[in-house]
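Okay, handing you the structure first.
Residue numbering begins at 1 within each chain, and the chains themselves are lettered A, B, C and D in the order written.
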Amino acid sequence: MKVAVLGAKGRMGMESVAAINSASDLTLTASLDIGDPLEQLTKSGTEVMVDFTTPDAVMKNLEFAISNGIHVVVGTTGFNDAKLSNLKDLLSKHPKVGALIAPNFGLGAVLMMQFSQTAAKYFESAEIIELHHANKVDAPSGTAIRTAQMITDARKQSKKGAMPDATKSELSGARGTKVGDVPVHSVRSHGYVAHQEVIFGDAGETLTIRHDSINRAGFMPGVLIGIRNVAKYPGLTVGLENYMEDMK
Amino acid sequence: MKVAVLGAKGRMGMESVAAINSASDLTLTASLDIGDPLEQLTKSGTEVMVDFTTPDAVMKNLEFAISNGIHVVVGTTGFNDAKLSNLKDLLSKHPKVGALIAPNFGLGAVLMMQFSQTAAKYFESAEIIELHHANKVDAPSGTAIRTAQMITDARKQSKKGAMPDATKSELSGARGTKVGDVPVHSVRSHGYVAHQEVIFGDAGETLTIRHDSINRAGFMPGVLIGIRNVAKYPGLTVGLENYMEDMK
Amino acid sequence: MKVAVLGAKGRMGMESVAAINSASDLTLTASLDIGDPLEQLTKSGTEVMVDFTTPDAVMKNLEFAISNGIHVVVGTTGFNDAKLSNLKDLLSKHPKVGALIAPNFGLGAVLMMQFSQTAAKYFESAEIIELHHANKVDAPSGTAIRTAQMITDARKQSKKGAMPDATKSELSGARGTKVGDVPVHSVRSHGYVAHQEVIFGDAGETLTIRHDSINRAGFMPGVLIGIRNVAKYPGLTVGLENYMEDMK
Amino acid sequence: MKVAVLGAKGRMGMESVAAINSASDLTLTASLDIGDPLEQLTKSGTEVMVDFTTPDAVMKNLEFAISNGIHVVVGTTGFNDAKLSNLKDLLSKHPKVGALIAPNFGLGAVLMMQFSQTAAKYFESAEIIELHHANKVDAPSGTAIRTAQMITDARKQSKKGAMPDATKSELSGARGTKVGDVPVHSVRSHGYVAHQEVIFGDAGETLTIRHDSINRAGFMPGVLIGIRNVAKYPGLTVGLENYMEDMK
């Protein structure tokens, strides 16, 4: 399978280039960064494009790839509803092309989100702590926001009421930020990379699901699964969890 | 629904009596302990019998109940293959009676086992740490053994090879005990009740599922789910996870 | 030693009565609650008064006890600077009387605070997560606030600058509340009692100190140490850590 | 200060070379590996030698350095009583030379050991879980063994009896290996680097001290502290904790 990487000089891009080069079933056709001509994708016969660029650059890349029948695996962040809507329009004109948008390529992170969605139906309390390196600019993390939304949806389906919380006197911010129903707390410290803990509680017991990611190599198995399977899933797919059956 | 408790003076039995008394849809018909006549079950029109007795006493209780068309919810430990086989024979003669044998009634523990079974398919490494109060006589716990077996089965299905482990020089016992493929470590300390951590690892990431049970009240929602649903599942059911759809 | 308990019908008071009754070197002289006459303390020859009452009631109790030469061990919360100043004045008139005010009687909690104070000198990042049952009304907990102050003081002494934190885009509250220099996060969930985690980080490593308190029995060794030693420490002592040498 | 690194092609050696090159107050005089002539140390005027070689090679290196008045900072493992005794003899002939032998250069690890030593005096139960990458050949880790010995000594000083443990029925190895009084459990999994958790328990509470080291960069502050201070401590020093006052 012929694969190109965009954002090849970034940290995730570099790891992706190395991972593709190490995989015997994949051939790297191009590793492009800002300013490089997208025509190299078509000239080299690229079948799948991996995009770890920036929120500003990604839509132009996707338009070029999809219009040329190239499947896309995207780890670039910042996909709001408007962008996703544009992307769907684009894909509807090229119905054989697959696009995977994944906020997190760690298999463990994907499982953490899935398990959280299930557990949310059984417990009255749910809360998220995410812990990242001190250089991270956004809080909470995209993964935490997504997890909180999935938990909120699951609670709605199970017709759960408000979470128990007797707090009357709070120093502002102590109880975190609410994403949907779920309080989310963001820790930033040296010595961390990317970690998340989802806590579920009921009378006498708690269930805690924790994912620790200590280097980018941990995301590569997920990226490779995306590359190898994206052609099987035409149209838009958000979240690597939709490919889980291909991972076992 | 009319419910009796056997082993009513034990700690789990007492909690069960209290939980049944607090549930508006359940009526306590009898709370029996060692030496009390089982005929009270039939005289009182008991529909479901809860058994938290001892490995020695339980089979006699089950024979009486099942022969009299009473469903059984059993938390008593020590069910080996021979006992389970006897129980199946007994149930085959009374095909409408349901029997639930559950090594752990904590919903969180059940979810922990289910999630572990799923995660086992995606990770190369899996290991269990269980932590209990210092008065526990067996190591590892029944829940840890069951979890290890479920992980081992899942690995077999996914055709996983041996776990990575370069240990050459070991002080005897440092690497725990192997249950199936899975190393299990048992911590015993004051200040614990019943806790378990299941760790899954792959390059650059770990996924940890932890259950903390700090009092017996935490088991009662599971016991009540067993009582309310056992009639719907005729025959033998091992593990509360088979009732999970009824719990949401 | 003759000991009385005030607030004897509250949860901590009841535990204290039981602990004193179980200790062969201590005699319970009185167990009083709201409205009971304080004169029982003097009539019964009480040497040490334990107070687990309310912020409103405590000062009147302390005045009576100290004026009558009775040492006091106090777990009642809400001691601000004004109250402490009043208490010092009172004690200065009765220089042989000892008063211990302790926000937390858990030995583990005291050690957690001491270790945190030490670790603060060596790490650039420090953050606190405290996790309590959903019925708690204040956030953060008193123990978390005290720990954060101790860390802040230690950082000042070591001339540490601002903690590393690149957060630019934050959902309000995600980064917790700042107590001194330290971000503090409060989790409230069923299935918890009283727990705290203090995280220290530097390049490539984190050190985490966690205290878990799962029932009130865990505070009784600390209360007994207070009772047995308060007479040795005339004047005001804030924090059980000042008695640590007596605990080994 | 002029510093040389031996074992410069190993992973810790490479990190040390990089750390020395980044430190404005240190000058790298030589980076040697197996077979390189030790005379480069003396020719280049080396003041401090850092040794991350092998148990076989280290004693010859130390003899050369110490005989030539060069201080040594040693992270090489395998120092038994015989080796330490030889080293003391050697140092007694060169009384101005300092030698630091450190099983762990992580500041967090050193603090974890110190805190454990203190906590051991207050708690009845103590247990260690260490978790490392799957390529580690020895179990338990050197740090875990050292921590267990320090806890055992502290318990002896406080005249603590046997730890509470009611285990009667054990699958061999479940309760770990005993180092002194302390059960030690070794987890080996992909996704870990070097981690340790020390658990202390008493009625109703546990205190857990955890150190996570996710890359070798985390050891470099400790190595630099060793280099900068070894000259102040003539003779043999085992353990970086003896330099802690120089670290704040």
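Assume a contact is a pair of C-beta atoms (placed from the backbone, for glycine too) under 8 Å apart; a residue touches a chain by one contact, two chains touch by 3 or more.
Treat the numbers as computed from the prediction; the structure is a model and nothing was measured.
The chain with its C-alpha centre at the largest distance from the centre of subunit A is C. The interface with the greater number of C-beta contacts, when A-C is set against C-D, is A-C. Same-residue interface: subunit B and subunit C share over half of the residue numbers found at their contact.
With each centre defined as the average position of its C-alpha atoms, the distance from subunit C to subunit D rounds to 36 Å. With each centre defined as the average position of its C-alpha atoms, the distance from subunit B to subunit C rounds to 39 Å. If you average the Cα atoms of subunit A and of subunit C, the two centres end up 43 Å apart. Those residues of subunit C in touch with two or more other chains are numbered 123, 191, 200, 202-206, 212, 214-215, 218. Interchain contacts join each chain to each other chain, per the touch definition above.
Subunit D meets subunit C in the complex at residues 106-109, 111-112, 115, 118-119, 121-123, 158, 200, 202-221, 247-248.
Residues 123-127, 129, 131, 134-140, 163-179, 183-192, 199-206 of subunit D are the ones that touch subunit B when the two sit in their complex.
For subunit C in complex with subunit B, the residues that touch the partner chain are 191, 193, 212, 214-215, 218.
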